[in-house]
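Per-chain residue numbering starts at 1, and chain names A, B and C are given in the order in which the chains are listed.
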Amino acid sequence: MKRIVRNVALAAASASLGMLAFSALAPAQAEGQLSLLVWEGYADPSFVKDFEAESSCKVQATYVGSNDDFAPKLAAGGGVYDLMSVSSDAAAVLVAAGFVEPVDVSKVPEYNNVYESFRTLPALNSDGQVWAVPFTWGANPFIYRTDKIATPPDTIAALWDPQYKGKIGMWDDKSMLYNTARMLGIADPFNMSDEELEKVKAKLIEQKPLVRKYWSTAGELENLFASNEMWISYTWGGLMLNDLKKQNVPVAEFTPKEGADGWNDNWMIAKGSPNIDCAYKYINFMMSPKGQCGVSTVTGYSATNPVAAKTCMTPEEFKAKHQDDISFVEKLHMWQAPPRIDVYTNTWNAVKAAP
Amino acid sequence: MRASTREAWLKSALVLPPLAWTLVFMFVPYAIMFTYSFYTRKYPTFVPDFQFGNYIALFQDVQYRQVFLRTLKIASLVSLFALLLSYPVAYCLVFKIRSLRLRMALYMAVIVPLWVSYLLRAYTWKTILGSQGVLNSFLVWAGILAQPTDLLLYNQFSMVITLVHIFIPFMFMPIFTSLEKIPRSLIEASKDLGVGRGWTFLKITLPLSLPGVMAGFTFTFCLSFGDFVAPFLVGGPDGFMIANIVQSQFGTALNWPLGSAISIAILAIVLTVISISDRFERSGRLDLG
Amino acid sequence: MNAISLTHLTKSFPTAGRVVDDLTLRVRQGEFITLLGPSGCGKTTTLRLIAGFEFPDSGSVSVAGTDVTDVPPYRRPVNTVFQDYALFPHMNVEQNVGYGMWVARLPKREISERVAAALQMVGLSEKAAARPSELSGGQKQRVALARAIVRRPKVLLLDEPLSALDAKLREAMQVELRHLHRKLGITFLLVTHDQSEAMVMSDRILIMEAGKVVQDGSPLDLYDSPASPYVADFLGTSNLIPGNVHATELDSIRVKAVDALFRVRTRGRSLPTSANVTLAIRPEKTEVIAPESSPVGTPAQLTGRIIEHFFHGGMLRTAIDIGLPLPFLVDTQIKSAAMQGQQLPPGSPCRLRVDEDSIVAFAGSHRP
């Protein structure tokens, strides 16, 4: 009897560990069933329904909470996901690890209408191949509860303000190192020295007593704001703001004087995908006016295909989303892949591990 | 001769399925994990190797020590509170409730959370402890607090409460069983020999229920030591536990070798706890039959 | 002063109902008294009321002249030997025996002297360091006994103490308990369902039925003069035969039963003519005789047919069909080997000669 108790305890403990290793496994895909690994908002029923009707491909989406989620999910084995929406700074890892197929741009008619500055990003083009199709871009501003914070904040340092103790949110992602570095006046946040990283780490640890939660999904952040747990936080921009406004939560976004993070997301095809045809169909759909405006309406992000965007956006929207002014992108601090990515990851983990 | 061969064949046919099960679901994953723990991280993933760098990192990098100690603390607190809550309840059920039907009903009431999803139980605590939660609303309504406090959720306190609630059946069941197994005549004999309630509890009931306490403690400790969901759901910035590190090494960091080394370390700790409690029990092995 | 005095004691349980029913009992100092009865008769509950494990609904309990009705068990001058021995499994023999004195913080020297003396008394001195799990049943029994007498109680309560032992050991322990009782001089109260055990050991037996004492007396009294067919059948074996009073005499009656006429002493009972009675006839007070060898002048004779013989060592039990639903039993002492093989074979007709002096008549007809 006692021995059984022991064994069950051991099995339970090891099962919880084992699950971690196997959590990446998901059922293999059937043909015609397009499996997406995407950020929230990129497989919204509002436009996926149209796609499914016209393509006869079925869409099934899994959401990521960080750019760091793509590689581990793909590392667990091929044949599970067909198409991913990867930010440019995370693209190079997947190419280097051999997790993705090159894109045959001749099958993507709208490819040449994409802003050149996105199309030609070095991370998306290597070995004479095109690895990704850019389809959306945006800035990552901060948001705050207007009923709790009277004067609109204008600096990242507001997230270190003791008067918001216990109401501050940070994204559980190594990109928190970049904007903290910018706040500290570090010249190149993607190439920090060990001393600079130490400074950033110390600053983030100093902030810990003020932080309510390191959140990891859009839903989680929206919930924290709606339930009054959080007043000010880093965000992914439009999507979260739109959702919160729909719930009548009084929030507004602000772009700090240190500048905002910028990013663009791209379609990448998983190596060994059994649904290449459907994958190209989805890319083409997303690059068409239906897809470009569909995503933009749901998420508030900007489109990469101004030709398509012009046909489906109102002139005001077109302007508000900076579609007429690509130089806006130059002012954003576009995410890059830090060459010493392991050190960065380890530093962010050390921040979370600290007491 | 033929009969004995058949018997041997039958025996192995009986033993084989559980053996295969154990082999496939216990030893093979651990063997793989153990092998990985000697690999080297190399951008973008990792390469086969045989070196001890991952284990050395566990000792050199202060973050792992911090998290190990924190996990140890949380698991100990969870086990302690689960024990302090379970024991009196189990004691009352076994010794104070005379109606067998009522006793079983109350026993089921304590156990029934086991059939409620883990996530649901964790979310329940979120709605109780949140800034606009049930408890805060009550405290403000009762005039105990002027305004809602943030001190109830997203910290180690809320993690301990949630984990205690989730794992308390694993503490309660073995204690209940061990108390129920104590013959009533032993307690009567103690009183018969002139010993009052207090000493009877300390000298007879408590020592005889220790195997249950040890089993419950082992269960609760090992389960909460390996937990990674509570920190995620109700933990705050200081709630990172060792299983979260494993998760992040297998996930975002794409450093399976380090993740494996940490898992092996966790396994070692869990096995140590189990063998200590086993030895404890063996030394005081009781024949209640 | 009585060692135990129970006055109008009543105790009910929710499911079992009234288990002890208005029981009054006086036990003299130094007596060996036994509560005898089948399970459920209330004997164990009576013992538990004296020990203090249960408290009465009404009535009072006093031990050695002190009212202990509301006193918890740990403040009563009694000790108990439990049916399952109730030895503490996590303590060795010495610790078990010394447990009460050790918690009471008696001087160490005194404890060890008294423990040694008690163990010597039950002959277990060399097992002082053993754990209960290492002992045989008989040894556990002795430890339980030593533990109960070491505190020198006014009354020793024994709750079916020998029921878990095998027959041989049980007989040896019966003798030993009897010696111990004499040596210690304290009052023993034994609870048992085993009538032979009760008869071997007790000074006095109380037969209980449904929470009440139905007869109280020495083993011999009870055996010879059972107060009811229930007692007659419970203590030893009795053949219960329905009959009818044919005629009354000064201190005896003539009873017609089956096909025979018996002359039975009334023992003070009023049994008028033509009343229905039940006769209790002991198997060992009856003799099987061949039908043709019937001597003249012995009127009380039953006739029947041998069903079977059962060999019981020193005794032979014969079942005989006399035309009643149950067979009539006759016990015959086997005094010599020559006697064997002389019995009538099964199926043969026979006659029964009954010692009329031993017959007890009860009013009414009873179903055995």
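Just so it is clear, a contact is a pair of C-beta atoms (placed from the backbone, for glycine too) under 8 Å apart; a residue touches a chain by one contact, two chains touch by 3 or more.
Only a predicted model underlies this, so the values are computations on that prediction, with no experimental measurement involved.
Undergrad: Which pair wins on C-beta contacts, B-C or A-B?
TA: More contacting C-beta pairs are found at A-B.
Undergrad: If every chain is reduced to the average of its C-alpha atoms, which one ends up farthest from subunit C?
TA: Farthest by centroid: A.
Undergrad: Roughly how far is subunit A from subunit C, centre to centre by C-alpha average, rounded to an integer in Å?
TA: A distance of 88 Å separates the two centres.
Undergrad: Can you check how far apart subunit B and subunit C are, centre to centre, with Cα atoms defining each centre and the answer in Å?
TA: The separation of the two C-alpha centroids amounts to 55 Å.
Undergrad: Just curious, how far off is subunit B from subunit A if you go by their C-alpha centres, in Å?
TA: Between these chains, centre-to-centre, one finds 35 Å.
Undergrad: So which bits of subunit A are touching at least two other chains?
TA: Nothing qualifies.
Undergrad: Where in subunit B do residues touch two or more of the other chains?
TA: Expected reply: no residues.
Undergrad: Quick check on subunit C: which residues sit in contact with 2+ other chains?
TA: In subunit C, nothing touches at least two other chains.
Undergrad: Spell out the residues on subunit A that touch subunit B in their complex, using ranges where they run on.
TA: Per the stated touch rule, the residues are 2, 5-6, 8-14, 16-18, 20-21, 24, 66, 68-69, 71-72, 75, 93-94, 96-97, 166-167, 174, 208-209, 211-214, 216, 227-229, 341-342, 345-346, 349-350, 352-355.
Undergrad: Please give the residue numbers of subunit B that touch subunit A in the complex, ascending.
TA: 25-26, 29-30, 33, 41, 43-45, 61-64, 66-67, 70, 130-132, 148, 150, 153-154, 174, 211, 215, 218-219, 222-223, 225-228, 232, 236-238, 240, 243-248, 250-256, 259, 263, 266-267, 270-271, 274, 278, 281
Undergrad: Help me check something: in the complex, which residues belonging to subunit C touch subunit B?
TA: 51-53, 72-75, 78-80, 82-84, 86-90, 99-100, 103-104, 131-133, 147-148, 151
Undergrad: In the complex of these two chains, what residues of subunit B are touching subunit C?
TA: 183, 185-186, 188-196, 199, 203-204, 207-208, 284, 286-288
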